């Protein structure tokens, strides 16, 4: 799906026009064009290349997936890769790679797969159409900011999961799956970090492109860069805590083993002592005074019961049972 | 609640005046104004913006909570975020975000929620009214210093808790909750660190603002920067030691398991040996010389008792019981 | 085996010519020569040295194996070491050291042992013969890119193995070999990292050689440098996760011990209780009312069975069996 | 206690003079004054301030304890904090904070509490009175060098304790206190590191003070800086090894648990097999051929003994007992 | 033992001359002198000082042992410390400290204790006497290169030991000493690293000494610097793997505990079930149908045997025995 928008002097002039008209429209003074394509086909890419006279090398770049966030400078524009990240219903990380060609007068965004909601970006631009005069600089900011906002949702979900895991680690009932969940979460966090960390540097590079980030846009870019840093600081905290959680979990498991062993010891004693008593009165000595007693049997049972009770209390007191 | 104070030539001229007079007062030569608002309402923010002619972007900044410590430069003043931190009665970290607009002639502080005691800052300013001639530079220092002093209280509490945890880890009586407490403390420490670490850089930036930190104020700012570094060094030590404590705790738990297993082994032997003896004399062989003995029964009981005693002593000697 | 190729003005002029003609051919205007030798003999090295007038020091360099990736500058050309890495059928790392002498007009590649497929590089050059005008810069790029592409295959295999290991760590059936496999994989990852990490710096140095990487080649080199960084980021993630996997595995083992101990405790109780009952009815008291009962024996067996059943259920409910 | 010393042209002119004469003495050409006060009182501080015309801010600095090593520049002199560290008889770290005001013509040292032996510094100065011409630069060097020499004594003690701990970790007899001692030592090491690490930077700053460290003193300062770095490298090694020791200790504890469990298994089998035999001959079957045997009882006992012996040997051979 | 060698215009002029002639010989044009002393006495040091007019401070430096690798510049020459390292027959690290005074025209090497073979350096110099024209620069290179070559021998031995340890960690037979060996090896590795790591920086400093490392010597120095870096990268890999080995060993120990516990559980069940059966037929009920059976005893024994067999098989199948 193609989204086309033309701004002129801070006003939305046209939208949803045919992209093949771009080469004409962009020549008009003050024209600012944004073209967004979700999952672009080869034809669409070819058309884009022609309309914006993009360098073949630049096009080659956009044909490769799984790139790390980076910025590649071409004459008059640059190529930028970033990753829109979200969690699906199974909490697996969903990676929507965004490729952008950004020049002073235009922005092209290509999304594979189209994970993040371009509608939000459109709304944002329409709210501040005056800033569209700054051209690609503002449009790109709107996109990046939307992407980075998505990071916070992921981070929050990570934090929630982290807290839930903590509760399970320290719950009274042992939960044998918790270490797997810690590990799986850690893996998602590590992947997230790997896809976000180069963005910091990319944003510095964007701000260094001469004439692209105007003085008025500066605070916006610094703000989004600040958000990226904050995201990464959160990720590092979570990673650090997950490592500790794994260790605490191990300690917890060992603790529980202690409890089990104490119970084993306790119950073994409670059963074995009366077994010994029964064994004693099962001996075949001729002369065992208790045997002919009228209540000898009751006495023996009583002895067993009392010994069990005393042991039970003793272990209970030492908190072994 | 709004606190307004006007200093002129190193003397407190007016206090508790109406904030709507600020735009006039600030024009007077030598005037230095400090406005502090706890939990500002939208109206109060609007009034502040008008009185100090703050840029809309700057106002947008202060509407967002949960920002990391940062400094954003505007023309003639800058916007600064820092976090006043303290521990509540449950030792949970309480975060009082402080937003400040600081210019040469004025300081505006907005506190959400108002965690730290502004009264202390006021006293400090009144003690050294001569320094108020340095304007926002001094007033801001007074605020930051009060905030950073609060960090030391937190750090001290962290250290106390750390020491208490150590004592519990190495106590004779196992304490199954200690790893949870280690973990919870570590989490607080990690959060604290995340909220404080960017302040170091922010203080460098403040000192780089031309004409803001005068030569006379330099040592004050370097002093507070030094305190921040010291705080962070302490935090790192504590974090490092908590990691070790978690490991030591694991080792301790395993040690205790060893003790329990030895006791299990010891007691099992002490009970099972007389059971075996009883079993032997319960055999039905025709020809068992001990059975017809007069004191055969007593002899068997004695045998049991002696074997138990010997085993008990042997295990005691090897420190298994 | 020697591969010789002569390009002139972007066209492949000659191939498979005798290397002793190189000194003549290279003098022709616009000539670009590439000589590749797999496992070069001493004679071949001597011939190369003479034809290209290489410095004795440079030749000494190429006689040493097991060098880290590095770049050594000589007058008019430089010497470069990199490692082509792949995994053999046993997943052991196979290291094909590549030594290259690269000048503006020529590239010499020496491979010990010839691990990577030079045919692929040849094809790549033939596809873009126009770029051969850039001389050694392009030819070297083609070689490095092929080598770095091989890294991705290794990384992918590492990732697959990592995932397989995870599944085994968290499988229901314990797998005692998994920690050995984690360790062996980690060792391969660490070795891979050690052989790749200096390449980052080497690529920076290549780009700094004056006149070697032309403006047109710049994006190609930046692209391959980006691939190296991405490789290393992946390696770091894998290493990080393997460390966590080792810890999770330990936790898992301890968990299983808990399960075993609970089963031991459970079964011990289930067997020992009827043993106690049997012991009781094996006592020799004169007066035991149950003994003369007609169905006393059945009653005792029933008692045993019921107690075992109750215990079994109780333990099952607490999930100990 | 106050120590006063006046050097002139490389000769000790006066000592133990009244500090109130300092303001006069210091004016004489070539005069170099060193005043050392152990645990200075408020009066002494006031006197010092007057005699040397110290800035009020500088005095405020010295009133605060528990400062990290730092250097604060004032006009014509600087204020410096360092920590003399030693171990008391209980091996607890004893921290003697040293505050120094150092100018070209004078050095003031304030010690709280006076941990290190100022006598040693005095001797050192008297040995090289010629260097006193370099003024504060040399005097300060003498103090710092004495302090840093003390670090080596601490480090050596740390190393001794580390080795002793290792021996205990790997001793045949388990030592349940060893993890506590590892932890306590680690804590001391971490504290030591925190108090020493900023000194590196402080020494750089001292050398940057214009005209303070003369060319002739340069090697001395570089030497002491080198000692500090060496100290820190040692500390890092020790810290690293203590972490490994903690892990090795855990592994050791688990190993011992294995040994205990094998013994438990072995002894249980050795006791339970004869119990089973006794049980068999305690059965009440009418027709049990062994029972009427003349030596049936002896045979049963022999059977028990042989089975115990065989089991004992079998376990001994597998190294379980 | 003193070794003296005089080179002139790239030719070895004299060797084994009396060191007291050095002050004369060195004045001759083109003279390059190398003096090596193993375990120098005080007299030898004094003689050296006089002959080469060394600064007293420089001499003081060489009197201290246990210095970290460093470079100290004096007028016209510099003082350098490095450590020749090897492993003795017990695999303990043997540290041969080398002190060198290097100037354009001379090199003095002092070895305490003389660990590395100076003969090798002599041979190397004699092979390339032409390079001796570069004076101290080349001679020093020859020494450093010999020392660094020794590092590789140590590293290789470390790697061999590491691999041997791995095999023991994952061997079928548990080896209780392996964690001690891991720890001891780690300690040697950490010490090695501490003594080598500053050499990197020292080599940079040597190359920065004006006029010392000539253009022709540059590649030689870069080569040796590269070797040092490679050594350190290897050391870091080994350290990393040893840490993992320690963790894997812990996991292995826990695994074996699992095996032992399963065996305990299995054998306990196998013994206790027939004990229960024996107990049942040892009950004294009047009416137990099996007791009067002719083959009741055989039947009971059969029952026991069958139950043991079934249990044995069941546990064997689940791999518990």
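First chain written, first letter: the chains are A, B, C, D and E, and each begins at residue 1.
Note that in this section a contact is a pair of C-beta atoms (placed from the backbone, for glycine too) under 8 Å apart; a residue touches a chain by one contact, two chains touch by 3 or more.
For clarity, every value in this text was computed on a predicted model and none was experimentally measured.
Touching subunit D and subunit E together: no chain.
Touching subunit C and subunit D together: E. Between the two copies, subunit B and subunit D, the Cα superposition rotates by 70°, quoted to the nearest 5. In the contact between subunit A and subunit C, the residue numbers used by both copies make up under half of all numbers at that interface.
The centroid of the Cα atoms in subunit A and the matching centroid in subunit E are 42 Å apart.
Centroid to centroid, with C-alpha atoms defining each point, subunit A and subunit B lie 26 Å apart. In subunit B, the residues touching two or more other chains are 247, 250, 254, 257, 261, 264, 268, 272, 275, 279, 282-284, 288.
If each chain is drawn as a node and touching chains are joined, the picture is one closed loop, every chain linked to exactly two others. Around the ring, proceeding from subunit D in the sense that reaches subunit E first, the chains are ordered D, E, C, A, B. Within the complex, the subunit B residues that touch subunit D are 166, 169-170, 219, 222-223, 226, 229-230, 233-234, 237, 240-241, 244-245, 247-248, 250-252, 254-255, 257-259, 261-262, 264-265, 268-269, 272-273, 275-276, 279-280, 282-289. Across the complex, subunit B is touched by residues 57, 61, 67-68, 70, 72, 74, 174, 176, 179-180, 182-183, 186-187, 190-191, 194, 197-198, 243, 246-247, 249-250, 253-254, 256-257, 260-261, 263-264, 267-268, 271-272, 274-275, 278-279, 281-284, 288, 290-297, 300-301, 304 of subunit D.
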